[in-house]
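Please go over the structures that come below.
Heads up, the next two complexes both have chain A, just with different partners, chain B and then chain C.
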Partner chain A sequence: MLPLLIVTAAAVVVMLAISIKRSHLLAVWLTLVGLAAAFFSLWIVAPLTPIQVTPLLIVDGYALFYMGLILAATFVTVILAYGYLENQSGYREELYVLILVAALGSVVLVASSHFVSFFLGLEVLSVALYAMSAYLCARKPPLEAGLKYLVLAAASAAFLLFGMALVYAQLGTMQFGQIAAMLSGGACYSKALLLPGIALIITGIGFKLAVVPFHMWTPDVYEGAPAPVTAFIATVSKGAMVALLLRYFYETGMQHLGSVFLVFSIIAIASMIAGNLLALFQNNVKRILAYSSIAHLGYVLVAFLAGGTRAAEAVTFYLVAYFITTLGAFGVVSVLSNGERDADVLDDYRGLFWRRPVLAGIFTLMLLSLAGIPLTAGFVGKFFLVAAGASSALWGLIFTLIVTSVIGLFYYLRILVALYAPPAETGEAAPAGGLPALSRGGSYVLAALSVLLVWVGVYPAPILDAVQRAVSTLRLF
Partner chain B sequence: MVLWPFVVFFVIVLIIPVGMLLLSHVLGQRHNEHATGSPYESGIVSEGSANVRFSVKFYLTAMFFVIFDLEAVFIFSWAVAVREVGWAGYIEILIFTAILVATLVYLWRLGALDWSPKQRGERS
Partner chain C sequence: MFHLVWLIPAFPIASFLVLAIFGTRLSKKAVPLFGVGSIALSAVVSILIMFRFLTSPPPGNHYTQILWTWVDVGGFKPQIAFYLDALSVLMTLVVTCVGFLIHLYSAEFMQEDEGYSRFFAYMNLFVASMCTLLLGNNLLLLFLGWEGVGLCSYLLIGFWYRDPANGLAARKAFIVTRVGDTAMTMGLFLLFDKLGTLQIQDLMHQALLHWAVGSPYAVAAALLLLGGAVGKSAQLPLQTWLPDAMAGPTPTSALIHAATMVTAGVYLIARTHILFSLAPSAQFAVAVVGAATLILAGFSALTQPDIKRILAYSTISQIGYMFLALGVGAWSAALFHFMTHAFFKALLFLGAGVIIESLHHEHNIFKMGGLRKELPLAFWTFLAAGCSLAGLPLITAGFYSKGLIIWDTWSSAQGSHVLWFAAVIGVLLTSLYTFRLIFVVFFGEVKTPVHKRPGLRMMVPCVILAVLSVVGGFLDTPPFLGGVHSFTDFMHLALPVMTEGPAGGMTEILSESFVTLAFLVGLYLAYFFYVQKREYAEKLTAPAIGKALHQFWLSDWGMDWLYERVFVRPIIWIARVDKQDFVDNIYSGMALLTEFCYRGVRKTETGRIRWYAAGIAAGSIIFVAIVLFL
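Entry: the complex of A and B
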């Protein structure tokens, strides 16, 4: 419970600090200290696990691992946001309150073992995200993104609630563990109502994961939202949902129902194909990354469908790699953005190597990792996904994964080609007096992320150990 | 499970709106007079644009009222069960109220409670 309390307290403290003295730096420091304290409190809590805190939350090794992942990713987002917002005018400090609240929501989500805490966490996360995506409300695109996200997320939350109500009506319990007992105990229930309930829950979950056919909002919101917020949506919000997906379906054993398996297979295949194909036609780096994230969640679902401990490990490890890579990629977009607009058009990156070689190198690493090239974390992650899928003989899914990965390689290479193209002859290259300085915090974070990326790619054993220990506490069904 | 009432219901749901639209389309009168296109087809002709900016100070106040009113509901629900939940409940409601007070302090310092928008000119 301690990490949750610390994050909550941090949000209130930052808010009070803003009301007393409005200082960007102070708000950032308080946020970072709060997040770091919450992160290290995980080790204090660890010996006590697993504990059931009220019927709503379960804090076990699995939840702690994901909490650590989420808090670390939030930490990175905050640093990126600091560099990004330094160029902006207007109120900047409130974003950190919102980020802390969103982190709280996702931390609740990964520890929830009950429909109520599931919904509570989801709403706390979503409501903060609406405001975060529309944060720079003087510009048009963030407003558009925020509004679209608000309408669609609210609608999907309604679907989710109705699905929960149907499942509750049939089984009479909202606790994951008891649902499992009811399903296997042959309690009398009507499948005609249970299956629609599960389908509606999948709709709600699928929306948050942005898998096809619930992906329509993704490119628009990714494009419109400020780059650090996009990084947050792509990593923390999705990662928390995947953690919940694993816990919910594995602990209740619902994925063994034939129709649920079929639905997820279709979703996975559609996401992999649609995500990768649609990304080919984009000229906007943020949109490309949005479609690529749709495809990546499709890959994750392949391992999810395989079932069992191996699959849970593969998914968790893949998420770690995905977090590092996505944060890095959006981090590059974020540090290149200026006060007027985000650097999201492909032309912004043309010849970047000749202007900022290090940054271009980091971006190259991130893209290679997204494409799954060896020596990067993305490759190791994808390897485990395929291994998990192969151990359950999901050949159709694996085949799609491999073919679409190859297609995906093309649009990552397109960005790479732009990066190393000779600088454009527009005359605006190399402005007098050198380039504007990048934010220092952002550069350190990007450097750290790329070191981490290669380290995980070359020597994944420590992370793998942690993942194995975490997943072993998950009660599989 | 008997499915046919559901199917009948579904068919009726489809038939009624489609029927209404079709019938009014077929039976309805059509005319194109001088004032057909104008609102209410009568009265004073509307002039100018509807995009007029006017101050909505009460809007913020109304929002705060709705939010804080809802929070009060939680305190009421605690008050009903005050003996049953004991000291743990008391501490929880204290924390809850403290966060509410913190929010109020924030709003006050932000100038959101000022009726005249003088101090909030920084942003808009």
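Entry: the complex of A and C
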């Protein structure tokens, strides 16, 4: 429980600090200290696990691993947000409170073992995200993004709740462990009510994961939200949901039901195809990344469907690689953005290499990793996904994964071509006095992420060990 | 001590990274500090390891350092591991020490060049790759180094990329060696497929167990590896890239295209010598390739006017000697010649660099002359190296190493008298073209004035190499000249002893006398044609047949002409004819289909929230329907 309490306390402290004295730097430091403290408290908690905290939460190695991932990603987001918000006018400090609250929601999600905590975590996360998306309310796109997200998320939450209600009505319990026992114990229940319940829950989860056909909000929200917030939505929010998905379906054994398996297969295939196709000729980098994230979640589902420890490991490892890469990619977008608008059009990146070679190099690495080119984390992650899929003989899904990856390569390479294109001669002259300085924190974070990316790509063993230890605590059904 | 071996490639690779990333920001003083210093450190480590190897050899005379396992998939388990035995220790020592001297020389030679740091970055990457090639304990790691040196060779030949001709030469080198590399990869596949490992020692052991002498697999694998070696070492029929490779900076030619990389083929064959002994026909092919190359390249060298091209053909010819030695099973003789050749040929190139620099980048030897007085130190060092190359009896290293090869060609069970005769003719040619070069460049009247004299950093390496070119031979001498055989003994720690055949009336002293005679004839002919009667040399090429022959040899036996017509033009023709073939339509059709689908799905992204909500609702309904009714 300690990490959760620390994050909660940090949110309260930051809020109080803002009310006493507005200082951007102070707020950031308090947030970072809180997150770091929560992160290191994981090691204090580790010897005590697994413990069931009330029927709602289970803190085991699996939950701790995901908490670490979420806290680290939040840490990175906060640093990126600091550099980003320095260029903005208006109140800046409250964003950190929101980020902390959203992180709290995610942390609850990965530890939840009960429908109530599931929904609680989801809503804490979502409510914070609405405000975060629309945080720069003086601009139009963030407002639009926030509103769209609010309306659609509320709608999908209704589906989720209704699904939970149906399941509860049939089985009389909301705890994952007991659901598993009921399902296998052959308790009398009506399939006609239980199965639609599960399908509706899938709707709710699918919305958060932004998989087809619940994906359509993604590009609009990604495009409109401030870049660091987009990074947060793409990583923390989705990662927490995947963690929950794994726990919920693996611990209850629901994915063994034939029709559920079919539904997820359709979702995975449709996501891989639609995500990659939609990104093809996009000219907005944030939208490209949005579509690519749809496709990546499709890839994750391939391994998820494979089932078993191997698959859980593959999914978790892939998420680590995905976190590093996505944070890095949105980090580049974020440090390039200025006070007026985000650097999201492809033209903003044309010839970047000749202006900022290091940044272009980092972006190249991130894109190559997203495309799954060897020596990057993305390649190792994809390799494990395919291996997991192959061990369960999901050939159709693997075939789709490979074909759509090839299509995906096209739009990643399109960005790369733009990065290295000769600088436009006719464009506006270079600003006098050289280029504006990049945020220092953001640059360090990006450098660290690049190193991590290559390190994981070349020498994945340590991460793999940690993932294996974490997943081994999951009670597979 | 041996566990420090990983440092030998690590220093240059670290320096490469520094130079590649921060190169343009480093000062002119810091660049050589990294570029030369890293190689110096590697050389020190190699010397220490060599010393340790001599004083207290490791058990079994070999040592393996396993750093980590790269991947472990289905029995395929390539390791990043380094293997030390007499062969790799010796070659690494020569590569790092000669490499260090050449780097030192380059620090001054390339000083004015705008690509100063880029040059050292490439050179350091080269040394790192070359050491990986030599030290790798499996063929995959060896192949990594093999491709690495090929890449560096490409980058350095095309170093002055503003001249398109240099780019063309670089591409030619890359593509022609690629032909050999393709054969080599197929060889690796074959070996892995049949024997299930790429770890060299294991592989040799397995080959001995599973394959009888002359088994078709062994012959095929050995021939495929020979293909790779022929490409990299510029032997017939893939030698055409090396003369053009002279477009690179001169230190590059000295390091890569004379002393080290081009001997990688020799190393590969020596490393897999067990495989070649299992395939006598392939081994005989090695000898024939070597003998043919040394003669053909010798003739070509005779006619070249460009000082660097003469040396390039000479390199091809000398590596021919090494191949000949490998082919007759005289393993240690081949390595001995590799070492002495590295000394004198590197020095010849460095000397050529001094001359070219001081004469406003003049390459044509007929526009040079009388440099003996102008550049005395360059003259004496060049003379020492030239004599060593030509094999001046008794006092030069080249005499001992070449003499050993020639005697072994006669006396080996796998040797033959024809090969021996070819090798002796080769001595005559070598002596002739070497002294032609020396007489034309250093004697006679001054034709181009000297405008710049080399400094200390350029001349010190030359002097050291000159000393080595002379004394390097005393490591191994014939019985009648002291009978030292410390080099051969050392190599026998790793390589087998040559099996001797019937000598048939020839003795080593007689063989050496023939070599001496050939040397003297060559020397006299050069003196006659290029000092005494210069006009005679022109008269030789005056009649139609002389002119045609001269032209034929000048163009390297018309090889480029032939390849242009047999390979290049037909392929270009086919490519042009087949520009729009059916198969392409499949791929462009897939691309079109993808684009069509994109236009279709794009319509779903309307930006309207009610449409999005409808999508979610429709999705849920469909899924509920699926779970209910399926």
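Heads up, the rule we're going with is that the second predicted complex is superposed on the first by the 475 of 477 C-alpha atoms of A that agree within 3 Å, B and C clash if a C-alpha of one lies under 4 Å from a C-alpha of the other, contacts with A are read in each partner's own complex, and residues count from 1 in each chain.
By definition in this document, a contact is a pair of C-beta atoms (placed from the backbone, for glycine too) under 8 Å apart; a residue touches a chain by one contact, two chains touch by 3 or more.
Fair warning: this is a prediction, and the values are worked out from it, not measured in the lab.
Participant: For the three-chain model obtained by superposing on chain A, do chain B and chain C clash or fit?
Facilitator: Result for chain B and chain C: fit.
Participant: Would you check which partner chain A:A192 touches, where first means chain B only, second means chain C only, and both and neither mean what they say?
Facilitator: In the superposed model, A:A192 contacts both chain B and chain C.
Participant: Quick check for you: in the superposed arrangement, does A:A448 touch first (chain B), second (chain C), both or neither?
Facilitator: After superposition on chain A, A:A448 lies in contact with neither partner.
Participant: Could you tell me if A:I20 is touching chain B, chain C, both of them or neither one (first, second, both, neither)?
Facilitator: Touch status of A:I20: first partner only.
Participant: Determine how wide the angle is at the CA centre of chain A between the CA centres of chain C and chain B, giving a multiple of 10 degrees.
Facilitator: Taking the centre of chain A as apex, the angle works out to 160 degrees.
Participant: Name the contact category of A:V263: first (chain B only), second (chain C only), both, or neither.
Facilitator: second
Participant: For A:L2, using the defined touch cut-off, is the partner it touches chain B, chain C, both, or neither? Pick first, second, both or neither.
Facilitator: After superposing on A, A:L2 lies clear of both chain B and chain C.
Participant: Let me test your reading of the model: by the given contact rule, A:A274 touches which partner, first (chain B), second (chain C), both or neither?
Facilitator: second
Participant: Is A:L375 touching the first partner chain B, the second partner chain C, both, or neither of them?
Facilitator: The answer is neither, since A:L375 touches no partner chain.
Participant: Would you check which partner chain A:V116 touches, where first means chain B only, second means chain C only, and both and neither mean what they say?
Facilitator: Touch status of A:V116: no partner.
Participant: Of chain B and chain C, which one contacts the greater number of residues in chain A?
Facilitator: Of the two chains, more chain A residues are contacted by C.
Participant: Rounded to the nearest angstrom, what is the minimum C-alpha distance from chain B to chain C in the superposition?
Facilitator: Value for chain B versus chain C, nearest C-alpha atoms: 12 Å.
Participant: Need the overlap of the two footprints on chain A, from chain B and from chain C, as residue ranges.
Facilitator: 192
Participant: Once bound in the complex, which stretches of chain A touch chain B?
Facilitator: Residues 12, 15-16, 18-20, 90-91, 190, 192 of chain A touch chain B in their complex.
Participant: In the complex formed with chain A, which residues of chain C make contact?
Facilitator: Within the complex, chain C contacts chain A at residues 68, 594-595, 597-598, 601-602, 604-605, 607, 609, 611-613, 615-620, 622-624, 626-628, 630.
Participant: Would you pull the chain A residues touching chain C in the complex into a rising list?
Facilitator: 147-148, 151-152, 155-156, 159, 192, 195-196, 198-200, 202-203, 206-207, 212-214, 216-217, 219-220, 257-260, 262-263, 266, 273-274, 277-278, 280-281, 407, 410, 459
Participant: Under the definition above, what is the set of chain B residues touching chain A in their complex?
Facilitator: 1, 3, 98-99, 102-103, 105-106, 108-110, 122-123
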